[in-house]
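In what follows, structures are represented as structure tokens.
Below are two complexes that have chain A in common, paired first with chain B and then with chain C.
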Partner chain A sequence: MAEMTYLEAISDALRTEMRRDESVFCLGEDIGAFGGAFKVTDGFAEEFGADRVLDTPLAENAIVGAATGAAIEGMRPVCEMQFADFIACGFDQLVNVAAKLHYRQGVAVPMVVRLPSGGGFSGGPFHSQNPEAWFLQAPGLKVLTPATAGDAKGLLASAIRDPNPVCFLEHKGLYRHVRGEVPEGEYTVPIGEARVAREGLEMTVIAYGSSVHLALEAAEQLDEDIEVIDLRTLCPLDSEAILSSARKTGKVLIAHEATRACGAGAEVAGLIGEEAFEDLDAPVRRLTTPDVPIPFSPPLEHAVLPQLEDMKEACRELLAY
Partner chain B sequence: MSSSPTDASIVAVSMPQMGISVAEGTILEWRKRPGDWVEADETICDVSTDKVDVEIPSPASGRLERILVEPGETVSVGTPLAEVDTAAAPGEAHPEESPEAHRAEPPEVDRSRFYSPVVRRVAEEHGIDLEQVEGTGVGGRVRKVDLMHFLENGAAKKERGEPEVREERPLHTESPYQGEPQPAASAEDLIGPTRRERMSPMREQIARHMLDSRRNSAHCTTIVEVDFSRVADQRQDLRETMARRGVNLTYLAFVAREAVAALERHPVLNASLDGEEIVYHDQVNLGIAVALENGLIVPVIRQAERLSLEGLAAAIGDLATRAREKRLHPDEVQGGTFTITNPGQFGAVLATPIINQPQVAILDLEAIVKRAVVVERDGDEAIAIRPMSYLCMSWDHRALDGAEAARFLAEMRTGLEEGGSA
Partner chain C sequence: MTLSDASAVSDATAPVDRALLTREDRARLLRYMTMMRAAEERGLALYKQGKVPGSFYDGRGQEAIAVGAAFALGPRDRMCILHRDLGAHFVRGVTPDRYLANYMGRAGGVTGGKDGNMHFGDRQLGCVGMVSMLPDMAQVANGMALAFKMRGEPRVAMTFFGEGSTANGQWHEAMNLAGIHRLPVVFILENNQFAYSTPNELEFAVDPVQHAASYGFPGANIDGNDVEAVFEAAEVAVERAREGAGPTLIECQTMRMHGHGAHDDMSYVPDGMLEEWERRDPIERYAARLHSDFGFAEDEVAEIREQVRSYVAECAEKALASPMPEPAIATEDVFAERWEPLGDGEAPWSRWEAE
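Then we have the complex of A and B:
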């Protein structure tokens, strides 16, 4: 075990997998000589050479398209979007080509798209989004959203080894603020399994990414019997873990930093409504960013993103219901 | 934006004084909601008193500003029920529709009767009456934890005293979709789909009065058979004349007239029981039972002994009409000393009515039907077809005995068959 940041854990997973498997390579904007905008691939060019740490043009469709082609040919590319927001430019290659190739032609597309996402640092509307729900509507893609350093490493390794195209959302706010014990060497976390981050009986907060930390902090401060489920994977969704906790507590708050409408929370709420209706003791509630672009202005951004106080208030309301 | 109402422009709608005997009323339904425009004298709500249901008119034209008493609440006479803003203009936005109003804290709603899915399911599995469980949630809601505490305290586990046939399932983790148990068929299962409805205030009152009467009086029913040939002839003769004067001459009027006459000769039947005393009444205040769509009401003809056949027929017609239109005055449905009911108009031929307390007797006119009967004239007997009916009278054996009741009915029969009072 070694203590490292969420960011270091991602680097560690990439490095370990590249050492383990020669078909794994990285491509993206400024990831080679510069080491990436957030320094995830710092030192990679020196260790693995420019052929496996490719600096690409500013052309996301080309990055995803090239990765898709390489994956068809048996490579395991890991492409980095400098910001998750930029995947919009590579959307066609991702959702129409990579996601559907196995369905159309029985061809495996073992690739990973790393997506630094999330706000809270005054990045404005193009550098702060949480676009995970976009991919949930494209069957054929897997969507991972780790919240801890250990899961960041384990899930990225699993994503690289998975035969499907995987969207790997890394919350930028967690990069250097979240630290944790991370197993050394090869380490994987199974895709599609949620984690009980805190056990409780009175209510459940179902969260992922940065919201998991808000939920845990709120539960501690309120000192209430709150269960926190860290989804870790949004697709495939761990419906068993969701329903089991919903049935146990009967009260569910779903929290994410992504915007509200048709977000992952809506899907989870729908599942609970369909399958656990008779065990509900309260309406299923959501704590999300409202359906607005993320403002550049720090006070406005603070007002828009779910804060600890919002989480505590939402928990209090549901506990009292 | 609307002009905000001033004190001077607000007119209160109060629970009106509906006769000397009415002290309170229950709101049945609001016909208008806040923000609605109302004209003066337009019905604004329905109120039920222990006597009658009445429509409450708006005292002024304006906008219904606020409702102060919710349906189901009982308040005393004079209590403000609502406020009407007379300064408002039709079509104007109501203050509640302004953005400020939306920001106001919503009042806490009573949600003690709302049960969440899990609470319903667990209560059903354990046969628990949820009304027994104290709710600590928002608005008094019964939360799952409240139910669990209730269960743990074992208060109602075997409330119904039935042997537990179903295996208890764990409350926390089991899904209702696993291992459906086969419950033994209960009477409720066999009865098929049902619908439950709260009794109307009138229905509740009838239920209470009838049970009280059954409990308190020594009911006994005496029946005589009456040949209505003469009455039918007489009715035929008088009918048109009276119809021209706007009076519908019914068989009931003849029976009422004979009853009033007989009551004057048998004062114990025009009486009430008050503890150990029999209270004899000088006046005959004749109650006439009127069937309504969803109940029954008994308006009273005061001093019926002063009325002719035509006067009685007119009074019966007037009361029945106004009863069905809910226009009776509360004072008109009390003070009766004897009651006549007439299920015969719906085809019934025999009944044992329940006495209208605190009176001691109730007379029941049944359907007049043609029957073959033995008639005697000048010593010869023959079978004839005659319009016949039964007079059934329930009386209180505490106040009188069978002979008195039989004599009373026999006199009525003689009067109806041979002509007496009318």
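Then we have the complex of A and C:
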């Protein structure tokens, strides 16, 4: 085990997989000599050469489209979107070409799209979004949202080895603020399995990404018997873990930083409503960003992104219900 | 890459190496073009009989492009074939029954009913099928070419698109990436004069082949209704790509002799235009040329065409006998369990016989 940040764990997964399998390569904007906007691939060009840390022109559809073709031909491309927001410019290749190829033609597309997401640093409307729900409406894409350094490494390695297009959402707020013990060398975490981040009996917070940390901190500060489920994967969704915890505590708060309408939380709430209605002791609640673009100015951004106090208040309300 | 390189293969009247094609190759070119025409005529008839869900799209008048270009490829080369290019599927080994069954949404179609009309590619024959967003496959062809280049394999990716696609940003992204990395890719641009109803002058201000030079690779502008001219330009481009010299854009001038789809009455086509292009029909022209220039007896040419037509009729019966797919498969295979390589395509050009 080694202690590393969430960002270092992502780099470690990439480096380990690139050493293990020479078909793995990275492509994206400014990732080569510069090492990427967040330095995830810092030093990679020296170790693996410019061909396997391919600096692309500023053209997201070209990145995703080239990755799709290379994946079909047996490479394992890992695309970096400089910011998750920019996948909007590569969306057509992702949802119309890559996502549908196996269903339509039996052609597997083993590729990863890394998506630095999330707000909290005055990135404004185009550098702060959490676009995971966009992908959930495009069957054929797997969607991963790790919260811890260990899961960031293990899930990225699994994504690279998966024969499908995988959207890997890495919250920028976790990059340097979250640290943890991470197994050294080859390490994978299975896709599609949620994790009980904290056991409890009185209520459940179902979260992913940055909201997991908010939930854990709220539970500690409130000192209540709160269970926290870290989804880790949004597609495929671990229905069993969700339903099992909902049935156990009877009270569920779903938390994510992404906007509210038709977000991943709506799907989780729908699942609980359909399958665990009779086990509930309270309405299923959601804590999310309201349906607005992410504003720039700190007090405005603070007002829309879920904060620790919001999480504590939402938990208190549900516990008291 | 300099502009003088870019003009290297742009002279459509360059002398031709006749030794590239044997007598049997020429018979095959006629056979595949005739097969495309006959299969599409049969498909249109099935559409009119109500056996084809959705609409019907063909490439009548463009047979020389699909067949001539695909004929230049070796087995391990890869293709992304578009909707006016049925002949390219046939060159690579798809049979007409599977094409017709695909149009009818049958289990025996190439996609087994998952996708329709020309949205197919047989992965076992080295093809990745198109999507409706028409420039998209140029980006995918780039990716396949990138894989070949990274692994140092002497292989080529080829794709098609119409002149309308050149108006879309993705087309320019693809040309740019191919030029930067000198990817082993061949772009076949079919200028069939209309993007649905939109004429050239409303799609672009300069002829799209001119973009090749600005992206750093050669462009050629050729007669798309001359199958040997298409083959020769494609052969030069394929070899150029295989040798590591990078991409080529080949603009083939042609005419879409039918509507965008069978529902399109073509009211926007100026009077006399279809009649003028009918006189340049690629199949009639080549049939006449086989007789006048290459020593085929008229009977021999007629027999090739008749044999193909009866083969397509047999294939149509086979397609009609194919069942509809089981509804249960509608929710299957969204995700892959494993990656498997594409298979190789057939390569009927005599050059590949020894390999």
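Brief remarks on what is shown
The working rule: the second predicted complex is superposed on the first by the 321 of 321 C-alpha atoms of A that agree within 3 Å, B and C clash if a C-alpha of one lies under 4 Å from a C-alpha of the other, contacts with A are read in each partner's own complex, and residues count from 1 in each chain.
Convention: contacts are C-beta pairs under 8 Å (C-beta built on N, C-alpha and C of every residue); 3 or more make two chains touch, one makes a residue touch a chain.
All figures in this text were calculated on a predicted structure; none of them were measured in a lab.
Bringing the complexes onto one copy of chain A puts chain B beside chain C with no clash. With both structures placed on the common chain, the touch criterion links A:Met75 to chain C but leaves chain B unconnected.
Using the contact criterion defined above for the overlaid structures, shared-chain residue A:Ala62 touches chain C, although it does not reach chain B.
In the superposition on chain A, contact is made by A:Arg247 with chain B only, not with chain C. Once the two structures are overlaid on chain A, chain A sits at the apex of an angle of 110° toward chain B and chain C, using CA centres and rounding to a multiple of 10.
Touch criterion met: A:Asp279 reaches chain B, while chain C stays clear of it. By the touch criterion stated above, A:Val107 is placed in contact with chain C alone, chain B being left untouched. Of the two partner chains placed around the shared chain by superposition, chain B is the only one that A:Tyr321 touches, whereas chain C remains out of contact.
When the two complexes are overlaid, the chain among chain B and chain C that reaches more residues of chain A is C. Contacts of A:Asp51 after superposition: chain C is touched, whereas chain B is not reached.
When the two structures are aligned on the shared chain, A:Asp92 is found in touch with chain C, with no touch to chain B. Minimum Cα separation between chain B and chain C in the superposed model: 25 Å. In the three-chain superposition model, chain A touches chain B and chain C at no common residue.
For chain A in complex with chain C, the residues that touch the partner chain are 25, 51-52, 56-57, 59, 61-62, 64-75, 77, 92-93, 96-97, 100-110, 139-140, 142, 163-164. Residue ranges on chain C touching chain A, taken from their complex, read 78, 110-111, 114-115, 119-121, 123, 128-129, 131-133, 136-148, 150, 157, 169-170, 173-174, 176-177, 180, 333-342.
Put simply, chain B touches chain A in their complex at residues 116-121, 137-138, 141, 143-145, 172-177.
Only residues 201-202, 243-244, 247-248, 250, 275-282, 320-321 of chain A touch chain B when the two sit together in their complex.
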